[in-house]
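In what follows, subunit A forms one complex with subunit B and a second complex with subunit C.
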Partner chain A sequence: MVDRAETPLNRRRFLSAAGLAGAGLATGALPSRAAEPDAAITDVQDWNRYLGEGVQAHPYGSPSKYEKNVVRRDVEWLTASRESSVNFTPLHALDGNVTPSGLAFERHHGGIADIDPAKHRLMIHGLVDKPLVFTMDDLKRFPGRVHKLYFLECAANSGMEWRGAQLNGCQFTHGMIHNVWYTGVSLRSLLEQAGVKTNAKWLLAEGGDASMMTRSIPLQKALDDCIIAWGMNGEALRPEQGYPVRLVVPGWEGNMWIKWLRRLELGDEPWQAREETSKYTDLLADGRSRRFTYIMDAKSVVTNPSPQAPLLHKGPNVLSGIAWSGRGRIERVDVSLDGGRNWRTARLEGPVLSRSMTRFYVDFDWDGRELLVQSRAMDETGYVQPTKNELRAVRGVNSIYHNNGVQTWFVHKNGETENVEIS
Partner chain B sequence: MLKSRKTAAIALALGLLAPVFGLAQQQRTPAQNPPAATAGKLAPARVQLNLGRPALPQEIAAWDIDVRPDGLGLPPGKGSVKQGEDIYLERCAACHGEFGEGAGRWPVLAGGAGSLKSDNPEKTLGSFWPYLSTSWDYIYRAMPFGNGQSLTPDETYAVVAYLLNLNDIVKEDFELSKENFASVKLPNVGGFYDDDRETAEKVFWKKNPCMKNCKPEPAKVTGRARAIDVTPDSKTGPRVE
Partner chain C sequence: MVDRAETPLNRRRFLSAAGLAGAGLATGALPSRAAEPDAAITDVQDWNRYLGEGVQAHPYGSPSKYEKNVVRRDVEWLTASRESSVNFTPLHALDGNVTPSGLAFERHHGGIADIDPAKHRLMIHGLVDKPLVFTMDDLKRFPGRVHKLYFLECAANSGMEWRGAQLNGCQFTHGMIHNVWYTGVSLRSLLEQAGVKTNAKWLLAEGGDASMMTRSIPLQKALDDCIIAWGMNGEALRPEQGYPVRLVVPGWEGNMWIKWLRRLELGDEPWQAREETSKYTDLLADGRSRRFTYIMDAKSVVTNPSPQAPLLHKGPNVLSGIAWSGRGRIERVDVSLDGGRNWRTARLEGPVLSRSMTRFYVDFDWDGRELLVQSRAMDETGYVQPTKNELRAVRGVNSIYHNNGVQTWFVHKNGETENVEIS
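Coming up: the complex of A and B.
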């Protein structure tokens, strides 16, 4: 029987792990009729007889050892050092719409800051009536605490794919996204305490890590829906997600969600920091670049089947995926099995929230024929996720960021699934 | 100040935010949408909460090291190309290469002029960055990698002057200072414009996307990730070939 968690990425391993090298379609399915009684039923298993571990064997629990391959992974050749690098959420192995904290992708520019919360300070200054300093305790005493579920997508998600299919796995092509619950207070309520001056138009947010990341944020956005968050999925933020406190900028590119947040400065112009000039500007075919491209456009991807989660059985199968939009709620997701010739509307399951990841399903019967699987998201503003070629027609192939084109997975007759581009 | 930036600032002041944020704002439910009047001055907080304490001037000075294109935030100081070369060779070249060409996969800092339209654009502070202040601000706060904030202001002026020289923007005898900083213009300053997706990409707001027989021919595979085979292996870790 094939252990799904062991499913490898490349062809060689696929064939051996799935036992397909010589055979036809091997399956993990029970045969439709049993010749022999199943030992999984007739034998008394160890776990049926002997006592398991007691409480407190794992004061902070972790997943079953059989899930050990469900982990974040990186692509080492992408960057020169792991302190300034990225890894990817294993989307192919997850379901629902909340990303487990330990699987949420990481992107750091100077490693993970190790901050003692008792020594952490958040300063507000610049064009304010009263510059203020807050401790973590101060922040947690603010009235108006909020809990919100939002996606965070790196603007460079799918950035490797502009020139064509490159990475074989939705973990790598789409895994710079996570969707978690945040606990905190509105940025607005902090700014109200400091008193923003009339000529303030922009806010600089700065992290306390070794890169001292800075981004300029329009004041309107800061007052609208940004959150100063210390909680994630009901517990403290993970260190790699900005412990003890980060900025949440709903619907906008992940780089702006400053982690290890220590400073907010009000000003009348953007600062033109490195991450809004050298990086996170979108170079177009004519050599000019768009800047301040904050919003993440509607996007979706089929997570099952996908290269790391091939089809293993003929007959009933569940096609599943995720959709999201920085402009609001997901309105509809369509799925095609023939490379975009014909579409059917998927079922959205679970809460459909503004600027939050939405889960979709299509139940289908697979007869073993080749499939070209695609999904196409639509949001409440009427935006329809474009094809990759439609995007390239407007932007060329040099922009790195904001690649939200429709993804195609080629399911071979043996169930093996591959990242492809199609006509 | 750039005209486009000014326009953006005015739009913000009016709470219009068009066109960059227009759609997103319109789609908000009224309860989420702050009244336009609050875009500038916030009404004094209804309740002064007595949370936090006033920041002391010395504390603000210790943290407020950001520098803007107009030079706001620059400390007094100066440094020459020659001084910068010595500092660069000692503290930067191991990663960024003697001439800014980048060692291994570390970032390239010089060259790339005229490459932005090519198949292989090289985006450096000479070829791509719009403002000089960005390099001063970034180097002073974050470089050398792993030992940020270790350069003095004079050393930072010098190393920035050297990078300008490597990028053929100033001569060898140049000295950069707080006083002449704003006079240095980078070649690609005019190469940026504000996000215009909502107008330039209006076609993506389609009324009724096609559902049946949307392509005349069956779709054909035109490119395959497997042909490139750069995906890391799940068990043995990334394979770099």
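Coming up: the complex of A and C.
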């Protein structure tokens, strides 16, 4: 292995160094090996000797059997029942910025409603000129269809970490999030058709599942950028994401994105529903609560390396992670390998969109020493992701909501990685 | 129904007209109904009476049972065996511009290779300074990881239509295409490590499947924008898309995007492999052939309405479709409802990226008369998608490749839609 001190981190410099020094020496440090005949090559490359499976086996395709461990997972002790529970996105096994639909975080309060789209109706009523009911067909032929990529993050994402490092894997510390494309119509256009009365200030959204989930949404947000969505990543919404129709509330906490949406009521004050009073208010150290804390502030996490994706090799490695902000675009992500003493700016790859996950990479050489890996997001408003201790100083540790502090992973000399706190 | 002549097509004008005329009259023409108590509403909205399925039922999620008809399909008579066959993307049932992995077009010549990624190797040899072999781990920690969205279109897409309208559904006429995100490293960076000799002009890519698919690629393209990709839409490549690693050749015909990639050989001339001589050359009317016709020219198709997605309602409707070009970005898409006499410019929604599918919409009112629906794409080079007859005048009808002519759908008075030719 080439020692880190001798190895330029920049690939272009590295490659031209290789050109100067001769291929034998310098290219040996990039991940590859000389093409000598060896058992690994001559023995195993015989896939072509066997006719593979044909096309009709896969009218709707699935991942390879070798990827069977890349699945959503719950944490058994977290909830009392499967019907009111959580399945976490396997962030450590994903790349890019769009979450595959089959691996997208799910949270239910009464199980997955089983709704026939032909019979489903969405009603708009309350403080409107003309109450309206929409079939799914009505929605799909409404003028002004939109297609947008947004992150949905549960307010309780990283909630177990307020009191210290708890869960060993970014799937569990940060996996209550997904980032998918939505197809639908703007909520504003439907409300305009119903005619919102001038005294209306709030909107109640109600789900058709067994929990009859309800949340109050300020009218200003409803008229701004909310979407009534029936599509997800190009196809129909998945059942666990609200099939046949859900509310999309960009940048705001996931609980408000009512699934299996059946009713929108206009009113002049919030409804004080269970999920915005006893839940989703943030208990402070002095016993008071923050309420209506809707916006998800800027946050990031390194997904590789992480406890479920340790470092396997010395030499060149690719560090990767995701960043997002409920207030707009991600402007920059910095990464530290030494617990926040030194930072380098990561490369953002792929689309950088408002209120959408952004992927970042840092190429680095690992010489086998211990690392304290962190990332820190900055959004277009100038907001900088705080440390966990900075957050605790202001908010205490009573809440389980809105923990967007900097995550630290400790990489051991053998490459194993664990969730740690640093002071 | 409001007659089309009386109904402004523009939604904003429409809505302000509604405001002036009173809600009762004008909003009735937008898709919705008054919220009167009726059997459909009071009888069926009882989903909330039943506890739904819990989270562990879906570690890797699937579509709703109500979407069971949204699947890839083959055309049984098209190929002699399942192992050398085609499954078509259900374009009429999709939206946005990214194809869901489970619904992405597949084409195999020896079935789906079953490859253990831990044992797979990719070799680079031939006219290089230093032959190299890469494990999957080597590739995944190679510096400079990229993440890109590109369309892959089979050169034979729409190939049955050269001699006239054949297949009744855009899934079959245009479904040999998908548009997905790729994670990988640039082919250039791997070739730079191996050191390409100055006399090298071509590159052979070979697959590890039973057909040992091989194609020759000009070195200039290999060094330009090709990707060695292991990821697709955020997760691992699907088996039918070349798991664990494939070649991505942006804008060029799909057959060159070698799947199950195991070998790259540098040489000084093309290899004249079966798939670039007896196949994938374009037989002209005079018996000569065009060869090395790699680039997929600009093309588009209306996906809704189309034979598998007829018009169901008079009044407001959303026309939707996709456009793409192997030469760059889509600049504009025009749509005609009367067989090309009058055109209106469609609205492009979502990202408009180079050599990537672009989604377009046109809101229109349908009064129940017959329509001849067409779309015509223009790309950033100024190229305009030709009519089929313009293509035939130049290329004849002997080839099954590179048919990018304008598609016509005939909408009957009852909304049923069929594939037709117009002179």
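In this section, the second predicted complex is superposed on the first by the 381 of 423 C-alpha atoms of A that agree within 3 Å, B and C clash if a C-alpha of one lies under 4 Å from a C-alpha of the other, contacts with A are read in each partner's own complex, and residues count from 1 in each chain.
FYI, a contact is a pair of C-beta atoms (placed from the backbone, for glycine too) under 8 Å apart; a residue touches a chain by one contact, two chains touch by 3 or more.
Note that the structure is predicted; figures quoted are calculated from it, not measured.
Annotation for the three-chain superposition on subunit A: subunit B and subunit C clash.
When both complexes are overlaid on chain A, the residue A:L283 reaches subunit B alone and has no touch with subunit C. By the touch criterion defined above, A:M136 lies against neither subunit B nor subunit C after alignment on the C-alpha atoms of chain A.
Legend: residue contacts after superposition of the two complexes on their common chain; A:I258 is shown touching neither subunit B nor subunit C. In the superposition on chain A, contact of A:I422 is made with subunit B only, not with subunit C. In the superposition on chain A, A:V373 makes contact with neither subunit B nor subunit C.
Touch criterion not met for A:I177: it reaches neither subunit B nor subunit C.
Once the two complexes are overlaid on the shared chain, A:A323 sits clear of subunit B and of subunit C alike. Of the two partner chains placed around the shared chain by superposition, subunit C is the only one that A:S64 touches, whereas subunit B remains out of contact.
When the two structures are aligned on the shared chain, A:G195 is found in touch with subunit B and with subunit C.
When both structures are laid over each other on chain A, subunit C collides with subunit B only at 42-50; the other stretches in 42-50, 60-68 or 222-230 stay clear. Shared contact residues of subunit A with subunit B and subunit C: 11, 73-74, 81, 83, 110, 123-125, 130-135, 138-139, 141-143, 192-193, 195, 210-212, 262.
Per the touch definition, subunit B reaches subunit A in the complex via residues 1, 5, 8-9, 12-13, 15, 17, 20-21, 23-25, 27-28, 32-34, 38-45, 47-49, 51-55, 59-60, 63-64, 66-70, 95, 104-107, 116-117, 121, 123, 125, 128-131, 133-135, 137-138, 141-142, 145-146, 148-149, 191-197, 200-201, 203-207, 209-215, 217-226, 228-235, 237-238, 240.
Chain contact summary for the complex, subunit A toward subunit B: residues 6-11, 13, 69, 73-77, 79-81, 83-84, 109-110, 123-126, 130-135, 138-139, 141-143, 164-169, 172, 188, 191-193, 195-202, 204, 206, 210-212, 214, 218-221, 223-225, 251, 262-263, 265, 267-274, 277-278, 281, 283, 285-295, 297, 307-308, 326-328, 334, 338-344, 372, 376, 378, 380-386, 390, 394, 398, 408, 410, 418-423.
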